[in-house]
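Following this line, the structures themselves.
Next come two complexes, and both contain chain A; in the first it sits with chain B, in the second with chain C.
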Partner chain A sequence: MTKTALVAGTALAALVMFAAPSMAQEDTSDKRIALSNNYAGNSWRQAMLTSWARVTEPAVADGVVAAADAFTTAENQVTEQAAQIQNLILQGYDAIVLNAASPEGLNGAVKEACDAGVIVVSFDGIVTEPCAWRIAVDFYQMGYDEVVYLAEKLPEGGNLLEIRGLAGVFVDDEISRGIHDAVADYPQFTIVGSVHGDWAQDVAQQAVAGILPSLPDIVAVVTQGGDGYGAAQAFAATDREMPIIIMGNRHDELTWWAEQKAANGYETMSVSIAPGVSTLAFWVAQQILAGQDVPKDLVVPFLRIDQDNLEESLANTEPGGVANVEYTLEDAQAVIAAGRQ
Partner chain B sequence: MGAVVNPRLLRALLPAFSLAVLLAAIFWLQPRTMTYFGLNLLLNLAIPIVLATIAQMFIICVNDLDLSIGSYVSLTACIAATWLNDEPVVGVAALALCVLVYAGLGALIHIRQLPSIVVTLGMSFVWLGVAILVLPTPGGEAPEWLRGLMTWKPEFVPFPIIASVVIAVVVHVGLMWSPYGAVLRGVGGNARAVERAGWSLLKAKVIMYALAGIAGAFAGMALVGLTTSADANIALRYTLLSIAGVILGGGEFVGGRVSPVGAVIGAMTLTLAASFLSFLQLNPDWQIGAQGAILIIVLALRVLINRAEGRR
Partner chain C sequence: MSVRAIVAKPWVWSYVAAFAVWLATIAFTGGQGAGGVLTAALTFGTFFALVAIGQMFVITLGPGNVDLSIPATMTLAGTIAMKAMAESDAMIPVGLGLALLTGLCVGILNFGLILLLRIPPIIATLSSSFIVQSTAIWWNRGLRIKPPPALGDFATTNVMGVPVLAVLVIIIAAVMHVVLARTVFGRSVTAIGQNQRAAWLAGVKVERIRFLTYVLCALFSSLCGFLLASFSGGAALNMGQEYLLTSIAVVVIGGTSVAGGFGNVPGLWGASLFLFLLVTMLNTYGLGAGPRLILTGAIIILVIVAASYRRQRE
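And then the complex of A and B:
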């Protein structure tokens, strides 16, 4: 009896503690949020839309917001998405969560939305229009963190092979810049080779196989995601020792890692952006509608998988997909608090 | 014993009728669109499509087809967002050069008797390549005056409607009422007869291509005025939209049978069809198909009217 009361009391205290920061929040139960998405043609985007539905449906059912509808343009085109945004304004949505086809080309439509009093929160594919909020990915930091991890694992350093993404794309430049700056800060590492893997396992495998004969011993491979499994296959085909290959949360990469871990205790880490970032954007939009002071520029936390949570992450990842996490209101509040500093 | 309604009149009224039906459906689905603000948002992105459709109409009028208009509009948009803003003189010169190249294409196609589809398809990659050179990463900024014009909010009537009416009237007067306009259309209808009457076919084609280049340049400028910045891929869909717009507006692929007013209405119908489907909250996987279905319905109606016309 006393035990039940105690549990109830603790639960109540926890409830009050959680409720406390939201005391000042305005009611958003009559607000409608729309997701404007420019593309749904790959597993990442599909997971993004699934996460959106999984998080917003209960939120609508619980009366947190009145609606949270997802709209995807039929063709991945700037003009079409601009028209879509203008239609969403006309449909009377209070906030538009936006994954943009172009960082600049939608600014006119975004400005129209802001002028009409609609909150615009862009994520992943962000827009530069100052009136919109941006939830950006710090790709530079992602590259930097890879080398920091290697510096912990391999204090004596050694030779690195870098696999880059698609040439000429901003993401590739940023991750690579982070890696190179980190190597400058940890001079025990040297990048002895660099190939373009185009974020695809088959391309990465061919590229790595092509450059390997010309390289000295490699202690680790720094990657950008979607290329780790291909690199592992290329190394496995030689008599070289398997280096530490940084993975990118793809199902095939995690599967290979888990197999190696079981067989010979192979250690590495895996990092990427979770498609569930759409749900973070949803909660951020909800917080703005609730009258919270939210900074215009926020940074998405990475989804990092380490040795001890590998099996659990792999179990939650669909074959052919990418590891995912869905964000809660508390996560969004933490990101907002971090952005305020 | 004529039919109760003249099929010819019916045919001319069909585009306007489709537009009215679609507009009524949108008003019913989403009453917010019935306001000044609503109409403005609903139609402002139609202005560049209207201009691109007019450009396509000039080409179709001389029995050719332009598969490069989308990438050409992208290029002129990139020029408008960069040079026209930073160095207006250079920008105007670059746009004028684009128009000259268009006129040159008309001459090339006529003199060498090349299929226009092949030439313009090839040019579409040239335009896109140049656009990427002008603006390697999305960006740029719309000139202040252009932005001001495109976001101008005149009293009573929203700007997109005024702009569409002005475009339709100007082109209609020039092409349908002026004596030389009749000659230009005659090139598509019966080139040999026009030539025998002493008119230069080369000159006519060059003029039509140059007019298309001018309309395309205006389309790019209008687009940048709306989006505030450009992207080398910004208007690629305009190629097919413009062809559909001309045909939807009562034009024919051959025979010089086009209608400027119809083309403007056709372009607006296409824009509204997309909005209509989005207001219906139709699954995006079905939207392209549904857009196609709307096109087929309108064209099927036209075939019925044409049959009635043929019977007379």
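And then the complex of A and C:
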């Protein structure tokens, strides 16, 4: 999260590379890593690309790897990204770090890469092809934890409004499944309405404003990130009391929360995946290239913000971006070690 | 005008559909929220109707004419305006001016590609939308800057449940109705859509009218981006996303011929309200995403068939 951590991580990387042959790290200074990214049109993806550049540029400068180039497709389409992966194979990259447009659609291209001896590490948007590595997020747990938090805050329970993401995307199904299972375990809560906000503030605002007039009192809104500010705007336009809206670490959401906290002591929590997960994938790819034994399935930790670390997190969040952590080689090794168990 | 003459208008069906969907919604809730739902529909229908006016003029130009750069134009105009105003009330005219200037430039770019490079409009506006969207990303990387307080208040004000913005856009729609039906420009657009060659032989300056139409559409998109950013507390990179298909759907459901040559403005408002109320109704019924999308598609087909069936019988 901090620059010092970053510097320390890079220093550590250099240390591990050059001073610790006992860990059997092979030299990766001539290896080239590419980032294949399917979409860049929202603040999360922008932060993801910025983090990638901020971590990989020093790594390249220090000779940890020879190159770490980022490529983004224009149209978020499977065919386009498959063609991009084929180009990256032809260009002779040693590893491809992949945020995929589809879990299955790219399997053919990924298999081609593996057959050509290219390491493929997928993250966030993961692929199911067995030859690739997966850095997955436990979205189910994220949804479940939202309700657990609410159960602590509102022991007497009440009515919930659920804002879902983009219909048909696996992330949306997983988070929602977590929320619904948790509501089954905490029966003092009832989900009285569910709308799709497509992880966009404007869409969420519109959907919530539409359903709100027909709903009873709402004590809390469970969300998926990127929709909390829109929900708050929709509630603010009515004479209803502001419910607890779970936030998703976006700068506009945290700013609004901090304003409300200062004005009336508003309390909530915020949880999402740090866009810097791209840097975790980078270090994992580097470790695989260095000859380390890395399990195929790894899990990313969440980034959660609570009442007491709100201001600090907000200050560290780039305006317009998402609360972020950039991962170090050390973090990657910890995640790999956890994955081995 | 007799009842029959009214029923024969293709745009009547969008209002019938909107009213039916509203009734179905409040029947389900037992009357609760009847007014609130209408206010919300007017609020968000405003933005749909605004972009649809421009799209309707473009589509009426005839086969192949469509503007796919609406979402990108909205995003860029909103982004540039919010950044220029920097939350200062005094800068509101500057912000509005810059937003409209953005629209003007995109309109000129679109038609430049279509005329000078002879690219079909669907490809020209699609490629210009990449340029425009990338410019928006480059300009401030998704930073959400709030609108000036006075502008934000204006955009969210309701008088007796009627949003001020909706009144503004109803007036704009009324003016554009007169423009389409009574002015040389409007009649020329319709004439070009019915038969471009005949229009040219009759002395219509075809390329000039097409140029003005694409600029008009981009201007409405940029105005919509400006107002939407003011309404929703700032511009975001994905703010225009759903307005592309919505703008086309509103035009078609509103009774405008998708083949061109027969446009109408009143139907745009009916269709905008209908689309919003339809989603609200299905949300209120608590259906899952699958059935919800299938029903949305089925109901839209039904309304379009009803509207075009009346037209064919005439």
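We take it that the second predicted complex is superposed on the first by the 315 of 341 C-alpha atoms of A that agree within 3 Å, B and C clash if a C-alpha of one lies under 4 Å from a C-alpha of the other, contacts with A are read in each partner's own complex, and residues count from 1 in each chain.
Everything below uses one rule, namely that contacts are C-beta pairs under 8 Å (C-beta built on N, C-alpha and C of every residue); 3 or more make two chains touch, one makes a residue touch a chain.
These numbers come from a predicted model, not from an experiment.
Taken together through their common chain A, the two structures put chain B and chain C side by side without a clash. Geometry note, superposition on chain A: angle between chain B and chain C about the Cα centre of chain A is 60 degrees, to the nearest 10.
By the document's definition of touching, both partners, chain B and chain C, reach A:74. Once the two complexes are overlaid on the shared chain, A:233 sits against chain C while remaining clear of chain B.
Touch criterion met: A:203 reaches chain C, while chain B stays clear of it.
Of the two partner chains, neither chain B nor chain C is touched by A:333. In the superposition on chain A, contact is made by A:319 with chain C only, not with chain B. When both complexes are overlaid on chain A, the residue A:40 reaches chain B and chain C alike.
Superposition on the common chain places the nearest Cα atoms of chain B and chain C 7 Å from each other. The intersection of chain A residues touching chain B with those touching chain C, taken from the two complexes, comprises 40, 74.
Put simply, chain A touches chain B in their complex at residues 40, 69, 71-75, 77-80, 82-84, 86-87, 89-92, 102-109, 111-112, 116, 129, 170.
Here chain C touches chain A in the complex through residues 25-26, 28-29, 32-37, 39-41, 43-44, 130, 133, 137, 140-144, 156, 228, 232-234, 236-239, 241-242, 276-277, 279-280, 283-284, 286, 289-290, 292-293, going by the rule given at the top. By the touch criterion stated above, chain B contacts chain A in their complex at residues 30, 32-33, 37-38, 41-42, 44-45, 48, 137-140, 223, 225-231, 233-238, 271, 274-275, 278-279, 281, 284-285, 287-288, 291. The residues of chain A lying in touch with chain C in their complex are 40-43, 46, 74, 164, 167-168, 193-196, 198, 200-203, 205-207, 209-215, 229-230, 233, 237-238, 251-252, 319-321.
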